[in-house]
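The two complexes that follow have chain A in common; it is paired with chain B in the first and with chain C in the second.
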Partner chain A sequence: MTRITPDFAKELKQYGDDTALICFNCGTCVAVCPLISESFPRRLIRYIQIGARDRILENSNDLYKCLHCGLCTETCPRGADPGEVILSLKRFAVATWRKM
Partner chain B sequence: MTDPKEKTEKAESGKSEKIGVYICYCGGNISDHVDVEKVRDEAEKMPGVAVARTNSFMCSDPGQELIIEDLKNGLIDRVVVASCAPSLHETTFRGAIARAGANPYIYDHANIREHVSWVLHGEKATFKAEKLVGAAVGKASLLQELDPIRVDARKHATVIGGGIAGLKAAKVLAERGIDVVLVEKSPYLGGNAARLDTIAPFGEKSAALISELAEDVLARDNITVMTHSKVIGFEGYVGNFDLTVQTTFADAADHEQAAGHYIPTVGVITESATEHIIETGAVILATGFKSYQPRHGEYGFGENSAVVTLPEFIKQMSEVDPSKTELEIGSRKIRSIAMIHCVGSRQIPGIHEEDEDGYLNEYCSRTCCSAILHAANQVKEIFPDTNVYDFYRDIRTYGRGQEELYDQAANNRVVFLRYSAEDSPVVTANDDGSDAPLKVTVKDGLTFNEEVEVAVDLVVLATGMEAASIPELVSMMKLPVGTDKFLQEIHPKLAPVEMAVSGVFLAGTAQAPMTIAEACNGAAAAAVKTASLLSKGHVELDPYVAEVDQNLCQGGGACIEACLADGALEMQDVKTAEGTVKKARVVPALCLGCGACAAVCPSRAIDLKGWSLKQYEAMVDMIVAED
Partner chain C sequence: MFTPEIIIDTLADNVRKTGNPFGLKKASLNTWWKDSSLTPDGSTLLFTGLMYQLVPYIKATTKYLEKYEDTPKADYIRYGKLVPKSITNMGLNFISSKEDKTSFNTILGNIARILQSSGVSFAYKPDLDEYSGVLLYDLGDQESFIKHAKYVAKKLQDAGIRKLITVDPHTTYAVKVLYPKYTGISFEVQTYFELANLKGEGNSEEITLHDPCFYGRYLKLSDVPQNLLTNLGVSCTKLNTSGPFTSCCGGPAESMSPKLAEEVGKRRVEELAINGKKIVSMCPICLANLQKSGAEVDDLSSLLVQFV
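The block that comes next holds the complex of A and B.
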């Protein structure tokens, strides 16, 4: 069971862009991502949308596979800037490391 | 009109020997599969055929000219065209015959495209085309000149229902010089639209819309508005309907409406109900919809006051003080709202609970996605700190300006969660210790089908539309009703506001769930259709109606029992040498031309004009004839 924490978006704001909620979950970013990783980066962006803080930390290893090639940001039809959101999540993960 | 007896004698006297047959290539559509010239050669040999011709497009001017020339030169007195479906060009060729100065009903049509060349190839196609042309020739040989039935029409229409569609229809009719009676059962004009605040997607005030329309309607001399009124009697036929309208003076419509009668908890009625007969030419049904009322316990509805329907929420939002920093409803702070789509719509057998009649609303109500996203945007734009969670099955913001509502909702940081019908969200009491009273749990399709839960202060159900309950009108006026319980048009595209009952039209959500804009479109269309029907002062009806041979009629009455249209057949007393006897008589304006009476008459005294038994026999003879 994942519980929605409504204020997570506010917490994340100090680490960078707050564009995750513009995403409409089409999965284009997953399709163009050169990494062979299931549902990356959409899964993490979805966790931001619903404020699933713990799920992000559980899956934070995925963040470090990202090559920052920028393809997802280039192709996102909503301009949700997934590449930048992943960077924000990295900062969040580092800041939260071992505080869990 | 000629005396029917004369015509019968003429038909019996012999068959036409001057039939013209015109066969169309349809530019290859037919001739690629049917040997059109062979069909022509065969047609020329058929009994009664004087002329047989072909053309690459019979519907073209040169094609029609062939028919006109032959008629004018006296070569032919009956016409058969073998081409596409009669729904496409029957009227075209009847028109050509009329332009040649002949009676347009001396015509029969053989469909050798849809029924032949589009479904058969080679010899089979040519064979069937010959048979169909033969049948048409057989029928044509017995065709008689007919005159359309002409009935006087009152330049007066009645609109039932004073919602936005009824108001719009009344206004458009009045503008076209038709006198209108608008019958509304409640004391008010405006209907369901009056219960809204701002209207999706552009945000106009419904109060302004309704007021503008209602003021216009009330100010017109040729519109009579009857509120507190309902139609309790319906008689007559197109152009000449008599409606009985009952006007009551008490709100409690289910009670006896006589002066002095005591209605429990209300009081004593001071004025008796009155009844009026409205003489009218056409009726527009604008009886509207009713908002779906969730079952007790459906998403917690009725069990917790924090679960409300969208119409209730719209009303609550219209009373909210926007200058406050937090959304407050009934002095309760609302920090998070769950909105659930498709409540009472798109129900699936085996998944959703049927009502007591075993019925489900399987249709999409079409307006709720836009309406609830409009409400969500309103909340987020006034109170950005209130979290809105939108639980949807599919988003169907389909019209102009509506997809933008969805975009806007995402930009306003509405959180979307997607559920499937078999795993609908579950609303329960919240137990996490926060002051949010409710918890919504869902298997979220957007989060890879993980179970997700959220605590909320309010649950808003996007309830759909159901057909208004008008069983009395339906049975009295014999109105066709669809499987979705809404009133049904003749054809969803080609006759979208017309009903099978001639002279009765449809406006607005009586027909199907639709937006206010669509309801107004439909209402305007129905009004213009009505005006064009009535404005000539008379109505012409197809002459294909039953006809009684008074010499053969035994007065047995089997036809009257079989008749599907009330009043189309009646018994009359006829004086004969043996005294007064009963014989059947047709009221042409009411006859549907279905032939049910002709099928049951033991003495074959009743027949259909233009579709007589003899004509059918001639058709069959031609089909089974050996070469």
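The block that comes next holds the complex of A and C.
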């Protein structure tokens, strides 16, 4: 069971680029990502879109595997800037840990 | 993988207390300039951002960390914060290789020689040369990054610095793009190779240039070193994975997962070793991680200094 936070994308705006909702989940970012792990970064962007805030925090270790290399952003056909979205999620995770 | 929260808190604590992510005393970290005759006067500053100087310590630390990654002892790192910085400094100096320190200091000396030989007028003031804080930015510790960046930017501004000459892609990105955005203070920023004006004819050598992500994609500077080398008679292997489509060396994962960094690095080495030519890097993080991943790699400056 995952709790949904419908306004999560709005909450995330304070941490950076507001582009996650532009993504249409084509998977180009997954194909080029040097991590070759399970659907990264698309899966986390999808979590933003459906408001799965807690699921992002549960999977926060995956965020820190990101090399911030920017290849996903360079190749994204929607200009959704996945690299910056992941960086925003890192900021969100750090800020959340520090509030705990 | 190590626990991100513990790593980030440790690095941020070190930056807060010592100005660099390893908690090192600047006097023992930044020594390369002692063998150079550089003027401290002027508003154009050679700003190394201490990245090349930090690499010997990164190499030594990750060698130890690798042993504990994904083991129950991994979380003991959290107690590192409790160790006095003087002890940390002594320990890191003890475990880091003297040969590495000499090698990375030589790179910075070579860069200074390239600038002098190119007729560039610049100052070097060790007390103004600070770590940019860029790792905190990359890890999402925005609050700590902005605090440190404001401190560095204001220090440079108060000293009358208007232009920065940078030597690595991470610091270049920080001071050129992030500082104006997050500190409100701007400097004119150029890398040393944009200012290099060297003449000579190479021996028609061919090399394979590894474009760092921040020069290739974020700053779109890949053409500059390539053209510089071509004009000196050094040709560069054509790679599909170059410029904006360059492949990461894996180095940025070093603080969270040395295993992952090496895995990504080995894949990049395979791409670069396509024709067996000498591999050349222009980033200290790439240089160290590609070497760790099994490649023989030279820094761009060691190639350029041959034309001084």
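By definition in this document, the second predicted complex is superposed on the first by the 96 of 100 C-alpha atoms of A that agree within 3 Å, B and C clash if a C-alpha of one lies under 4 Å from a C-alpha of the other, contacts with A are read in each partner's own complex, and residues count from 1 in each chain.
Just so we're on the same page, a residue touches a chain if its C-beta (ideal position, glycine included) is under 8 Å from a C-beta of that chain, and two chains touch if they have at least 3 such contacts.
Keep in mind that this is a model prediction, so the values were computed, not measured.
Bringing the complexes onto one copy of chain A puts chain B beside chain C with no clash.
When chain B and chain C are set side by side, the one touching more residues of chain A is C.
Once chain A of one complex is fitted onto chain A of the other, the partner contacts of A:Phe40 are absent, as it touches neither chain B nor chain C.
When both complexes are overlaid on chain A, the residue A:Ile22 reaches chain B alone and has no touch with chain C. When the shared chain is aligned, chain C comes close enough to touch A:Cys69, but chain B does not.
Touch criterion met: A:Ser60 reaches chain C, while chain B stays clear of it.
In the superposed model, A:Ala93 lies in contact with chain C only, and not with chain B. Our angle of interest has its tip at the CA centre of chain A and reaches the CA centres of chain B and chain C; in the overlay it is 130°, to the nearest 10. In the superposition on chain A, A:Arg78 contacts chain B only, with no contact to chain C.
Applying the stated contact rule after C-alpha superposition, one finds that A:Phe8 touches neither chain B nor chain C. After overlaying the two complexes on the shared chain, residue contacts for A:Gln49 are found with chain B alone; chain C is out of touch.
No C-alpha atom of chain B lies closer than 24 Å to any C-alpha atom of chain C in the overlay. In the superposition on chain A, no chain A position is in contact with chain B in one complex as well as with chain C in the other.
Every residue of chain A that touches chain C in the complex is listed here, in rising order: 15, 34-35, 60-61, 63-65, 67-71, 73-75, 87, 89-95, 97-98. Interface residues of chain C, counted against chain A in their complex, comprise 1, 3-5, 7-8, 138-143, 213, 217-218, 244-245, 247-248, 250, 252-253, 256-257, 260, 264, 267.
Interface residues of chain B, counted against chain A in their complex, comprise 335-336, 387, 389, 410-411, 413-417, 432, 441, 444, 446-448, 450-455.
Residue ranges of chain A in contact with chain B, taken from their complex: 1-4, 6, 9, 21-25, 39, 43, 46-47, 49-50, 52, 78.
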